[in-house]
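The following pair of complexes shares a single chain, chain A, combined with chain B in the former and chain C in the latter.
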Partner chain A sequence: MKHYIILTVILPLLVAFLLPTIGRFSYFLARALPPIILIFSIVITACVYNNETAPFALHIGDFVAPQGIVFHVDSISLLMALSVQVFALFLWPRRSFKLQSEQIVSNKRYSLMLLLVASANGLAFSGDLFNLYVFYELLAVATFGLISFDTNEANQARFAAAFRYLVISATGSVMALLGIALVYFLTGTLNFAHLATQQANLFNPIGLSAFALLLVGFGVKAELFPVNSWVPEVYSAASKKLSGYLAGVISKLAVLVIIKALLFIFPHSEAAYLMLGLGLAGLLIGELSAMRSNDFTRMISWSSVAQLGLVFIAFSIPGQAGIIAGLAVLFHHMFVKTALFLIAEKWGGRISDLHGQGYLNLIMSGIFIFVALSLIGLPPLPGFWSKFLLLNGLAGQEYYFAIAIILITTVIEVNYLFRVANHLFSREDKPVLPINNHHWFDTLTASLIVVALIVAVWELPTINDQLIIMSDQLLDIESYVNRVLISTENGL
Partner chain B sequence: MIPDISSILFSGAIGLLVIGVGGLLLSNNAYRVLLALVIAEAGANLMLVIAGYRWDAIAPILTGDFTPQPMVDPVPQAMVLTAIVIGVGVQALALTLIIRVKKAYGTLNMVEIKKRMEMDFDRLSQEANQPGKLEDNS
Partner chain C sequence: MNALDLLLLTSLGTVLFSVVFSASLTGRMLLTMLYAVQTVILFQIDAGTEMVSSFGFEIFNHALGLSFNGLSWFFALITLGSAFFAAWYGLNQQQKLLHVGLSANVFSMLVLLSAGDFLSLFIAWELVSWSGVLLMVLGKQESLVATLKYITYAIAGGMAVFAGIILIYSWTGSLAFNAVTENPLSLSQYGTLAILLIGGFSVKMALLPFHLWQAEAYALTSGPASVFLGAISARMGLFAIVITMMHVVDLKTLDSIFLIPELFTFRDFLIWVAALSIILPTYTALRQNDARLLLAWHGIGQGGYMMLGLLMYDQMGSAGGLLHVFNYASCQAILFMSVFSILHRTGTTNLNQLGGLVARMPLSFLAMLVGIIGLAGLPPMNGFVSKWLVYRSLLSDGMAIVFLASVIGTLGTILSVYKLMHNSFLGQLRVEHEHVKEAPWSMTVPMMLLAIIIFITGVMPGISLELVANAQSAIGLTPVDYHLGGVVSANSAISGDLDMIWVVLVLFSGFGIAAILFLSAGKSRRVHQLDNYAGGHFLNANNQYQYSDNFYAGLMHIIKPWYRYSFKWFEGAVVSFVNLAAVFSRSFFNQAHMLIWMLVVVTTVMAVAII
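Here is the complex of A and B:
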């Protein structure tokens, strides 16, 4: 059973490259095939998640670990892959053409979405630094293509945004490659398990600079502080569902890669301080810029920068408390930000244009207020619990400065989110703009996210247990090494 | 006194990186930014090759009369090959984007492009909620 997990990477890749050819023969098949493939890989991932409780390593082609390519599958990577596929299914680009030529364009768009899913799954499972780099580049190329697709010809900004993003992302890749070169120079291996056995060689200034280069390099997608200037541009230019997918899910995979680098390459306090500092800077800049912006999309883009700052702060807490808090903030933000971008699908313009919309579209404004409350952290909601875990962990380390900044930025968050709520339910005597209603499927997806958050309130103990199991697996480097380097009977 | 060859190569790799990053920060033309990126990537690739190179060793090719002796590590060379191919792909994509930007805005000046882009965002933001907007482009 567990070998089938490879199909979640292979099948989307295969179909992505076959799709342009299939589309020439049957447009219907080209439209129907990608969701079927996604559902199939969701089923595979869910079965593996249910059946194989213990984490396991897959040696591809039966080559022994440091030489061959390894997929390491544990519950956190399975959960990430599952959310990649489920969110891709719900945020799948809708058919939006009236002309024959636009059919071909949407076929290409489906191909790129499948490439994005395949490379994201690869990022979740891969146990080798260079393999991660290749999947990361594949993911980046798919994103550039998707950003520059838009059926609205008036939106010329998308090319400029995609190019500026490409420059930042390619610079990050050069940094990551340099970090990989330094790691290889110090240890002679790039396999995570093999690296973990050689940590004595890495504990020096060169090792720290290798980690810093990897942090900045992979941090581009994770919206880390010095390399996040692309965030508001790209999310304003691209379609809002794609932005929701990038901000909600793809950025989390980059965070996961960075956590792997932290645990296996440089698990020392210097690296954690670096992440703490950059996370705090990202949090402050994100929240302040969100407060200043007048555009709804721009506001939630900056707020996503701030939330990822919180994730980095959480993971910088040493030990299990940090991992649990980080995972809680990470999964909470995944749901909340996707819902916010779905709302921005129709309400993406100036915030002042939204006045009175709340009375017209009660469902969406209700969803907005619920999600905003959870993002701020009102007590019964999951957002409160994730922020509480974070503050608790920070207090355990006596990082009082960070606690102060988080509490102050929460106040800023309240300010800008409720400015929108204020406009939605304003009783000002201005004509209400007749904005189109959201598509029923987007409303359904956003409502499902709200339902998931409400269920999470009841299921908090279960979720907490799951997070403890995940963090145990993530921190148990010794058995990771044993699984990857010693057990060979798992070969494919 | 002649410095040994590996330190020359290391400083060459770091020099290429510095030139590349400097070009990225200082040049104002989109095409030159791309060229700076190419140079920086060459620096990183050179670094990766040097990481696995040995001066007292032979190429890792097995011939008929094989005698055990030190070999150059072939793994970084294979990785650099991959990285070069990825780099070429990304650069080609960047060039197509530059062409589209030039068609849209008629300029390659990065400052000008950013200004025009911000103006476009303002316009889109104002038009987003206006009645009579075209249907759905998600």
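Here is the complex of A and C:
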């Protein structure tokens, strides 16, 4: 059973490359196939998540670990893969088949989305740095394509945004590659398990430099300060569903890569301080910039930068408290930000243009307020508990400065989010601008997210247990090494 | 299931009921009755003992619980009473959000009052803050602006409280109320907690310098909402401050934290904050020309008396502070009711465009008269008793300067409530108000009932003092020695008992003498208000003989230079600073510089690492 998990990477990848050909024969098959593949891999992932004793290593082709390719599957990677696929299904680009040329664009979009899903799954499962890098590049390429292809009308702003993103992302990749080269130079291996056994070789200034390079390099996708300037531009130019997917899910995979680098390559306080500092700067600058935004999409893009700063702050707390808090903030943000971008699908644009919309579209504005409250951390919504875990972790380390910044930025966050609510329910005597209602499927998705958040409040103890299990698995590096390096008999 | 469970469930049920049924008049009547039912259930709870609710849940290994004691009981009674009268007053209001907001506020406040540990206190605190929004957005566009300001202030306070609670947890390892008392902390830790918790809670209480949001937020919304918010909402801050003093930093600790060595302690600081909170907002109220804002600014000022009384923390002072919560709630509610019935009938609360309404709205006038006597703290209304207790405690503690400050505050109160009544009810009726009618019964009946309550608890303060005594023993103070007519001084060396029954008897015999003189002076003749003259001129409709514009011109000429708007300036400075920081942070992301920044970070880290 557990070997099937590889299909979640291989199948989307295969179909992604076949799709243009299939599309030439039957447009409808090309439309139907990707969701079927996604559902199939969701089922596989869910079954593995439920049935198997979660942490296990897969040696692809039965090659011995440090030389061969290893997939390491644990609760976090399964959950991430599951989120990648489920969110992809719900945020799947809508087809438009009025014109022949649009069908071709749609087909390209479908293959790129599948490529994105495959590479994201690969990122979640890969057990060595080089494969991570390959999947990361694949993911980047898929993203560039998706951003520039995203909707049917040609849009110069989108191409410009995609090009700037390309430049920043490519520079980041070069840095990451340099970091990987340094790691290889110091240890002679790129397998995480093998690296973990050689941490002594890495605990020197060059090792720290390598970590810094990896942090900044992979940080581009993770919206890490200061390599996140592409965020508002790309998110406001691309379609909002894609932006929601990038901000909500894909950025979290990059975070996961960085966390692996922190745990396996340089688990020392210098690295944690670096992450803490950059996270705090990202949080502060993101929230402040969001406050100045007059544009809804840009505002929530900045807010996403800030929230990822929060994630980095959380993971910089040493020990289990940090991992638990980080995961809590991460998964909460995944849901909330996706919902916000779905709202921005029709409401993106000047905030002042939204005045009075709330009375026309009560469901969407209700979802907005609910999600915003959870983002701010109104108890007892999930956002509060994630913040509670985070602040407790920080207080345990006596990072009082960070606590102060987090709480102050929360006030700023309240101010700008509820400025939007004020515009939505404005009572000024101005004509309400005609804005189309959201597509029913988007409304449904956003409502499902709200339901998920409410259910999460009830299931808080279960979630807490799960977080503890995940963090145990993530921190138990010794068993990780044993699984990957010793138990080769489990190979495919 | 005990009475407390029943109370909380009924309150939650009221919220659901209001969501479904508040659209119809019958539904709103039943809703009003539901507040009365909750009050009846409240009386099933014994105020003298602690009652623990069977609700509670465990989260991250913290057991959250709810319980009720005398202090909660006292505040709960005021909350439910305010809600009852506000709901009655709002029977004809069809805004659904008003009724939902009212019931949600009551529910969240009851949860706050029954909070049994710091975490549930914080959760309920945030719920109270956010449900307040529901009541504040009911006015015109200006109420939305005020609400945004409110929620920014409220969350800033809430976050300070959050920080305090996180610190308590990390220092003591527990979130139970006895966490700090069982694990004594260092003096600097107490100081930090005092700043965070008392500072955070006092935002809701609108103590200086966190007071700028309150007047607009409370006044500019719809009438019943203003009545409720003005009466009780801000006092949740006082409740939480009492909880802080009880469980985290007691007054003795506050008195041992010196801000200026050997001279000025944290407690002195708080006392001066309270005293200034009496004076400055009261004199700001004096300058308001909108009756609603005038009242709301008084609300901030009266909060200072309560805080002052509690900070005395003796038998009399704390009794005065707590009793003032009750008395002030009744007076503020009746005043807001009277002002909003004027708004309801004339469409304005601008004090420069009213006058002479006593002839058209006599019941509203009576309500306002009772209310302003109470608010100003004059016998025979209840406000006198609580203020007397606070003064008494200040004097017996030898705090003459603070006493003087609070008397100056009372002077300002008297002046401004007189302005309120004079400009709205007295003087010449304006032509456009010639056909104004008295407010409908749904508004006047609750006003009259409140007037009776204010008078009775003024003449027989023992009724409300019993509740206060329960609250005092719940927070570990010696309860005040009361009887039906007033209090007995515990310290027989200082004479100073109060028996309101005697005071009222003397007062009314004075009135009796005046009445005899008036009646023996012969018959008076009623004339039309324009069939008259003033200053040697005959009057007509265009020639106002009542001046209301630039009221107290002489006084204002003297005290005008004293208004410095320092707090407004400071608020503006903070906003400008944040905006400046935001501009800077945006310019930081200038595209041209990005790659350079990327390189700078990496090379710096590499350089630092290698060096």
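Note that in this section the second predicted complex is superposed on the first by the 485 of 492 C-alpha atoms of A that agree within 3 Å, B and C clash if a C-alpha of one lies under 4 Å from a C-alpha of the other, contacts with A are read in each partner's own complex, and residues count from 1 in each chain.
Here is the rule we use: a residue touches a chain if its C-beta (ideal position, glycine included) is under 8 Å from a C-beta of that chain, and two chains touch if they have at least 3 such contacts.
It should be emphasised that the depicted structure is a prediction, and the values quoted were computed from it without experimental measurement.
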Touch check for A:349: first (chain B), second (chain C), both, or neither? first
Mind working out whether A:156 is in touch with chain B, chain C, both or neither, as first, second, both or neither? first
With the two structures laid over each other on chain A, which partner does A:171 touch: chain B (first), chain C (second), both, or neither? both
Quick one: classify A:130 as touching chain B (first), chain C (second), both or neither. first
Tell me which partner A:241 touches in the superposition: chain B (first), chain C (second), both or neither. first
Overlap of chain C and chain B interfaces on chain A (superposed complexes): 164, 167, 171, 233
Name, in rising order, each residue of chain A that touches chain B in their complex. 93-94, 96, 130, 133-134, 137, 140-141, 144-145, 148, 150-152, 154-157, 159-164, 166-167, 170-171, 173-174, 177-178, 180-182, 184-185, 188, 233, 236-237, 239-241, 294-295, 297-298, 345, 347-350, 353-354, 433-436, 439, 442
Give the list of chain C residues in touch with chain A in this complex. 58-60, 122-123, 126-127, 130, 137, 140-141, 144-145, 147-148, 151-152, 155-156, 159-160, 162-163, 166-167, 169-170, 578-579, 581-586, 588-591, 594-595, 597-598, 601-602, 605-606, 609-610
Considering the complex alone, what residue numbers of chain B touch chain A? 17, 20-21, 24, 30, 33-34, 37, 40-41, 43-45, 47-48, 50-52, 73, 75-76, 79, 82-83, 86, 89-90, 93-94, 97-98, 100-101, 104-105, 113-114, 116-117, 120-121, 124-131, 133-138
Quick one: which bits of chain A touch chain C in the complex? Just the residue numbers, please. 164, 167-168, 171-172, 175, 205-206, 208-209, 212-213, 216, 226-227, 229, 233, 270, 274, 278, 284-285, 288-289, 291-292, 373, 376, 378-380, 384-385, 388-389, 391-392, 395-396, 403-404, 407-408, 410-412, 414-415, 418-419, 422, 425-428, 460-461, 464
